[in-house]
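Paired with chain B in one complex and with chain C in the other, chain A is shared by the two complexes that follow.
Let's turn to the complex of A and B:
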């Protein structure tokens, strides 16, 4: 089978457990703090926002947590997702490297996000919640939660970052088709949104602002909880079905990666592909290289500070230790809305801080160029976020070519770009710009970091 | 991990031989004898010393060690006697790592922060808690980490990447590989099985492995020591003490009897380096 392109698993191979990387950490995870008391946040503090089972997952140090059968049955709608050997891309690049990609665009919403959206909806439904609020950047997450709401009979209200709301009108239509409501954020519906609009009426929004709005709505009603699409430990853990499947599929290919690449915004798709492999490394397995790719104009891992900060602009969340550009930092507009987040998942920050992951950043035009190269070879146009992973993988493959070494590269193609044609159109017409962040604004945002002893 | 423990494993690695970790219960059978016994454990070749914290219900131990706990309890020895035993040994020996081993019931009533502080002040290097609840284990491991005390976890029976005790950050110093979930002093498994379990445990945890597989004879110590970083001996030590007590010996006489057995086993592990070299080739 030397020409094999797709490595496909049987539905019975859908993982039966999520993998929790905290079990294999050599250093304890750094606890989130209550901003008022500066004490570690306990389950009670999170109770108003999340159902208890998700809170227990958030703090668990068990290595594996069982995936309920009812949820695995829904995962069957698109899982296991295929692993591709990018033979045509390898030829196009004329590289000795072997490139594999895990394709999460086969999900109903077109990305990896339903892996956790359905899990979160499942546990909320189980605990009697009627309504979920959330934020979304590019709309991948909002679409996924809308879908999950439809599957489990929950009302879903989505605050979508305004710049993406305007760029991607079909995302809103998608969410509404599944019965969800979608507002452009900042909105006039919340105090957090009103405050931002009063200060800057043309504000293009950010994930940090949208989170504040969604959290504010959730805490106002007992029957309403909040769902976060990334960043939190349990969200990252739900995504590990990706890497666990990939491990089996690499076995089918009789191969194992030397390098694993993922793009990072909040850190969930990256963790999904990377953590199961990193876990093997932490337990004495192969010493692989792991690369996190982020946008150059929202570079939390490469330019941010590793410090306690708020997860949102409105400063409603607990303080978490993460790589942050400052909760007040509003990244310049770019088309990778899912990566425009000032912070980073604490677990991803910790593995970067401890040297297990090498962060790198690229501008959006070079990422689009990589995406188009990939699309022409492989036939899939990636989401703008995923283009960052594509770019990272191509750079590694070209390095192999320069050095004359044959390495095995695995990356996560976390979503397709079929909702992002306006962005591709702009790219093709040369209208796409690489707006850098303003150094002064970044310095100000960093100066505003909360003081933690 | 504790620097003293690190230095000792480094020293053993340079010497190319496994270490020996003998065990006795603090306070068994009286304060004078127990003090002499522990001193003898070091003098007759113990590279690390395991001090049993007297327990009311040592349900993971076999009959021999249970009787030792009962004798200690009969003279009123408790969790703090293990600490003072460690402190007295530390005064006489600045380098040999001292590991306290106890059951959660006694440690709970002693109070985690208070006990860990006392343990550190006594100059002890590690704590092994055999039956703690998961969350309790995390809390104790955190206290241990803050004081640079090794928090030792047991790997029982078959070991693989899934069954490895979690989380990794709650273990340090070394891992204690035991034959099974059954009580101490039972029949050890075959040498090939030991070799594989010890090798897997070392690779998965990245920590030295101390093996406690019911080693009773110098030959067994040599066989197990061929694969482990140190060999734990408990039942055989306590048994020697018990027999000596039964023939009416106490104090020096009892300690000498224990010392003779430990010295024999120490010779066994010293031979183990030959096995180890052959294994490496």
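Let's turn to the complex of A and C:
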């Protein structure tokens, strides 16, 4: 029996800077538009929602942005996170491929999300904010912001997509243990929520709706700002600690990936692992393949349109150029709640559009099967979202076996599945289904995309 | 805001030997007795249950027993585990005490149990065993043995105490994801289970009953052995990697505990942290205090009798000299399922009896309150069992505050509470109660203790 090989960095190897991929783009990033004027959004437009330091990070084109020491001190609780060579998985698959995974489940909330939650709480606290509102899908983001709120003494109010709220009651208990409040979305607490409930009282919610509610609550109070767990440039940038560490760890292993795999919902964990490697490629480094794996029933990259769209259902956010299924698209109920978003981060969309990233999609039951195979070999049951990355990596490894080639595959295991055992239970009992989206509903949502010149 | 300080050892610092406290005992350990002959048990008597290498460890009085390299290789997935200085907790309590905790929740099963599960699976595999049976309370042990079974290709059959089986369905899903089978105990699969169900069909189970069932299944088949997650000498010894690492980590911190705190059910995580320190004390080292914290409604150390008793309800196991509430004692339903055992490890009982360890007990709601205080400060919600250690450590820290003394407190955080959010939810909703045991039932169970000369 082979075992994993663990590559552990020293605390001094926690990155001192975040990496900003915009600095290495051949084409400039495409600006967001103000929903009223349809003109590019300036920093001041974002003032009611975010503290100024995060806004400056959002629009920066500097390649590196310093991570405050006080924040690196907090990261030290679990960073640098381990990188493993999955020898037992390789053996189980009988593949000539070498499989590595970066494991973000060691964070106190069990996923990569605290990397940005703590950063956002840090800057909000610094600017005197008292209260943060946010949305959450599966609950990983809400849990992470609740934790950050407890550390920094900020109140946190979370709007959780109703279908996940009902599937995962323990996530609410987790957030509340850290002192946060958590509402099922759509709720009766906001105009956006009320409007949707009036139209469809049984609405199961979506990230787009929850964002509308959280944004509405934030703009109502001066001492309150909004925090987003993915999609935005600064959020993706905070996650680049993952890939920067992985580059050093691959050096320790005296190896370099041929293929980097991540799962995509809003795009944050994917960017975290992929952008530092893609940056090296853009600056003339090795011509690696990068694979983004999304759920087949919420396929923004593989079936969406690359167009300007709203980030939320209530059309309160700026418009961004992204791969989108339309802000009105409600994905089928799906345990990989963190991947149920109608759009995709503009930066991820742009690198997909420009051909640097290959998008692919899988159904959830085949992803759970991959997760169980991984778990038996490596001892970790992944979060349902992470199962998509596992599936993507296993497919690449099996292709290596068919082709008889030894490639090096690296994927991001963005979180553990400890809070998702109900889904594993359903999977084991054959109760998990692959509900597809409705073609007609998708066509309607796409037809509703805003007309932008 | 202060942050934790993390003390991380190198992989080469994973202990190369287990520590056997029997070598340092002033008085010899008290031998187990055969239930038929009432004579001391010899190695051969244990042959049907355990592989010979584990039996030799059980009776060894060597101070150190080598850890096989192949096993250290597996430990490397998460060992050495981190030791933290809980500065944020100290600040929250406003105590002059210094609080350190060793964190065993980083293991793939989320607790200290894999330290011995993997060791036991290793030796069973080596001797050609195909199948292991075991009992589990809260599910941490069953999960860990399931994991070990997956790693070593052994079938695993788990009897889970019914009350926990019903409270924690996700533990079953976890075990089954690793390929194990899991039954609620008492079950109809064994004579021991059938006898109890015939008498009390609604019996909520106990570790003592589940042990009877697992032992019965193991002796029925030649290719099957039994594995126990606590109580036995060799199991406690496997856990001493915890305390041995902690000694090195306290050196890194240039500190040494005045007080070591652990929670006790069967005694394994407590021994893991405490025995290496107690060994130093017995060999003339610093005269530290050692505190064992047990649940007030299953108080073997504080209210039990130090006497020979059976390890199981069905009276199939050898008799051991221990603090016991009587093998017939059924503790009230209690979320800290891992601490619901009528007895206590003989080695722990002996050091308590000889005055080296101070036992104490707390009710579960005050332990949950301590866990939430800890979680908000340190970012980790402990397992309900571990909350007892947290409570014990916080009480010592508050005593330091009252007395105005700066002591160094070290406790073992033996597992995270990710699988116990239902209990946290109940605690937050005020639904968690402190059901006490029935005095009359305890008196009856004690009256039923076997008469041994």
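Operating definition for what follows: the second predicted complex is superposed on the first by the 449 of 453 C-alpha atoms of A that agree within 3 Å, B and C clash if a C-alpha of one lies under 4 Å from a C-alpha of the other, contacts with A are read in each partner's own complex, and residues count from 1 in each chain.
By definition in this document, a contact is a pair of C-beta atoms (placed from the backbone, for glycine too) under 8 Å apart; a residue touches a chain by one contact, two chains touch by 3 or more.
Predicted model only: the values in this text are computed from it and were never measured.
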First (chain B), second (chain C), both or neither touched by A:108: second
Which of chain B and chain C A:219 touches, first, second, both or neither: neither
Between chain B and chain C, more extensive residue contact with chain A: C
Touched partner set for A:147, first chain B, second chain C, both or neither: second
Touching partner for A:189 - first (chain B), second (chain C), both, neither: neither
Touched partner set for A:71, first chain B, second chain C, both or neither: neither
Partner chain(s) touched by A:61 [first = chain B, second = chain C, both, neither]: first
First, second, both or neither for A:197, with chain B first and chain C second: neither
Touched partner set for A:280, first chain B, second chain C, both or neither: first
Residue numbers on chain C that touch chain A, as the complex places them: 1, 3-4, 6, 8, 11, 73-74, 76-77, 84, 88, 106, 108-110, 147, 150-152, 169-174, 176-179, 372, 375-381, 416, 418-419, 421-422, 424-425, 428
Touching residues on chain B, where the partner in the complex is chain A: 134, 138, 142, 145, 161-162, 164, 166-170, 203-206
Of chain A, residues touching chain B in the complex: 20, 22-28, 61-64, 280, 282-284
